[in-house]
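The following pair of complexes shares a single chain, subunit A, combined with subunit B in the former and subunit C in the latter.
Up next, the complex of A and B:
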């Protein structure tokens, strides 16, 4: 619930994407945390969560990789780890579920951890939350409204959550639990946060559509078509900006926006920004501070027009 | 989108004679159109067993053919031939030849998990698609799919150093699939970015190519994972009735 003290200081798991192509998300998340007075302590010597790719080699290796990070979090004395990347968030949640429900996964995890020379992680010790949960539960809408210095008034936003924030349902036991919790069918945490920052959210039906991120390079034509769907639908809904909360979705939308123009000759003008970038600017941070110049889609003219950053 | 059913009449089953006279009646052209019967000459009775033994295929027996997966499917909306429900049906019936008609598109599943979300029986169709494309590759019905090449290039980096560097994954993927990295759209993308001169970002990317990100003290984890990967390979080959690697 809003004002929850236990999320004021959490372990932070950025993941590989936020050190590379999603650098702007990393910067803006940290900057927003600082501006809101929330403490992030990076998980020491973390490793890749396994992403989608390792799961396709063997799902149990992905479970081990994610469990190692959960174990490190526990050893650092934290009971909550915050992952801003949908892929990391999903995988840590999945590892937690598998270790709690599947003895075969526990056996492989124990074996690999022992051979790798560290204590195997046991289910139920660490809670994984997304950057959206982190802000929504610790600061809440009222808290944001109090702190807004530069309202997002007049910015029309389509909130895009992607696949891994809500699917598959069984690994997110805390969702769909009635008022105040997140919905897997129609997620709304990002809408709530940005609305509190003054933005005008449009009714966007493709919130949880797929951007084809898994095949961004291996089946680019499919990805381009899926992304073009999302971009044109958002424009048709009257949005000027798509707010994202996943580095893979974000980069996918940006890359295939350019690819759609080059390959299919379909140009879209909508800008793509991380929700932390928008929130950061509402909290009075400069566009440069939240890494707007690191995005592929150049939102600076639009932001200037709206008097932001 | 409604459930897509395959047309039961296939072009190659339609037979027509350009000139044909039967008992003094001229039935040339359309008048002699005949549809050859479909018959299944052979069933592969172990097909379901083999796919169920690969990681992800475990729950295939639960399917009751409601079609929720195909109805929810992202790829099906782009390509009506992409039909998870139908493929699960074929696998369960052992109709290998029918399944092989679609062998070149099964890997295109984007793992959006809409099917898994919709499935009332916990079949986890997304995982079944992965197990099926894995089966096709193991059996030699298809070459290694671009998706598998990407997964391998990515995973090798994770296993080796504990972390990935996305620029390196991209370069490695293009190299392994024989494509130039200088794709016009990629060039446009990068040059657009550089114009805005994101100092920190460029520095970070530059450094990452020299000092590749890695998890400290990863050696033992790497050895443990590699040993397990080898074990998985052997297990998968046994599951589909192949001998150990190299001893075909």
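Up next, the complex of A and C:
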């Protein structure tokens, strides 16, 4: 629920992407937290969540890697960890689920933790939330409306959630629980937050469609076509901006937008911004403060035109 | 305008047909809105049939929530949960078909047809990519191992 005090101060797990290609997401998430009066305490000595590389080889080792971060969070005295990256969020949730339901995963986790010299994490001690949950539940739409200094009014946005924020359903037991909860079929938290900041969300049919992220190395052309279709559909729906909440999706959209023009000769003009960048500017932060200059997709002229940043 | 309802198209032919629909002038789209709505749904079914055929399965003739497309998706996702990455794409296709048929004379029906066509295109690209990658591993990175039976006992997510 909005105004939930337990989310005012949470552990923060940026994950590797936010220290590299998703640096602007890291910067803007922290800046938004500060502007909203929310505390983020970075998990000490955090490690890779296991992402897709480890998971594809041995999912139980991925469970251990994510569980280690959950365990460190618990040892720091937190019962909530916020992961803004869809991949990290998904993997921490998956680890929590596996440790609660699969004895074989528990056995591997306990064995590896003991070997590594730390206490094994046990399911049920730490709740993993996404940056969208964090803002939606701690501040809420009314809280955002009260704090907006530069409304996003007139900015037409297609909200793109990607495929890992809602799937598979069974690792997100808190979703689909009725009013106030997130939907796995039609996610809306980003829409709600940006609408509260004044944005005009367009009806966009591909908000959870695959961007071909993992296919980008094995078959770049397929990824480029998938991204191009997302970009053109968003433009056809009247959007000027695609808002993202995942560094992998964001980077894929940006890179393949460029590649679509170079390889396929298909130019799209839509701009790609993290939702935290848009929210930050609505809260009065400068474009530079939220890292807009770090994006490949140069939204600065559009933002200037809209009186933002 | 010729439609593809009479025969099953390959995924490549569907992509070409979608390009043609998107490039069609508004007046022609509006004139054939109901037929195009059904054609796009049919193309979605053909895409899923191609996936099932490739896996050696007989595509179902049953329906789910009134639509064969959704039943085909559930069939495709059985034992292969990463297929759920196109679950909402299928549902969006049904939605756009219904939207067009709800008021085929609506002023913005051409827009609904074009956006619906882009939804079909996404399904074609996604399934086409999965088929291409079949010998190399799963297409969707997010879900292959996580839902394998040996990983968790509760891998029963369906459409």
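Everything below uses one rule, namely that the second predicted complex is superposed on the first by the 309 of 309 C-alpha atoms of A that agree within 3 Å, B and C clash if a C-alpha of one lies under 4 Å from a C-alpha of the other, contacts with A are read in each partner's own complex, and residues count from 1 in each chain.
Note that in this section a contact is a pair of C-beta atoms (placed from the backbone, for glycine too) under 8 Å apart; a residue touches a chain by one contact, two chains touch by 3 or more.
Because the structure is predicted, anything quoted here is derived from the model rather than measured.
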Could you tell me whether subunit B and subunit C fit or clash when both sit on subunit A in the superposition?
clash
Is A:226 touching anything from subunit B or subunit C once the two structures are fitted on A? First, second, both or neither.
both
In the superposition, subunit B vs subunit C on subunit A residues touched
B
Based on the superposed arrangement, let me know which partner A:169 touches: subunit B (first), subunit C (second), both, or neither?
both
Check the residue A:102 against both partner chains and state whether it touches subunit B (first), subunit C (second), both, or neither.
second
A:212 contacts which: subunit B (first), subunit C (second), both, neither?
both
So, does A:56 touch the first partner subunit B, the second partner subunit C, both, or neither?
both
Partner chain(s) touched by A:180 [first = subunit B, second = subunit C, both, neither]:
neither
Which partner does A:45 contact after superposing on A: first (subunit B), second (subunit C), both, neither?
first
Quick check on my understanding: which residues of subunit A belong to both its subunit B contact set and its subunit C contact set?
52, 56, 58-60, 163-164, 167-169, 209-210, 212-215, 218-219, 222, 225-226
Which residues of subunit A touch subunit C in their complex?
52, 55-56, 58-60, 62, 87, 90, 94, 97-98, 101-102, 104-105, 163-164, 167-170, 185-186, 205-210, 212-215, 218-219, 222, 225-226, 229-230, 232-233, 236-237
For subunit A, which residues are in contact with subunit B within the complex?
16-17, 19-21, 23-24, 27, 45-48, 50-54, 56-61, 64-65, 68, 108, 111-112, 115-117, 163-164, 166-169, 184, 209-210, 212-215, 217-219, 222-223, 225-226, 254-255, 258-259, 261-263, 291, 293-294, 296, 298, 300
As the complex stands, subunit B meets subunit A at residues 55-56, 74-75, 78, 108, 110-114, 116-117, 124, 127, 130, 145-152, 154-155, 158, 162-167, 170, 173-174, 184-186, 188-189, 192-193, 196-198, 200-201, 204-205, 208, 213, 215-218, 220-221, 223-225, 227-229, 232
Can you list the residues on subunit C that touch subunit A in the complex?
81, 84-89, 91-92, 95-96, 111, 114-116, 118-119, 121-122, 125-126, 128-129, 132-133, 136-137, 139-148, 150-154, 156-157
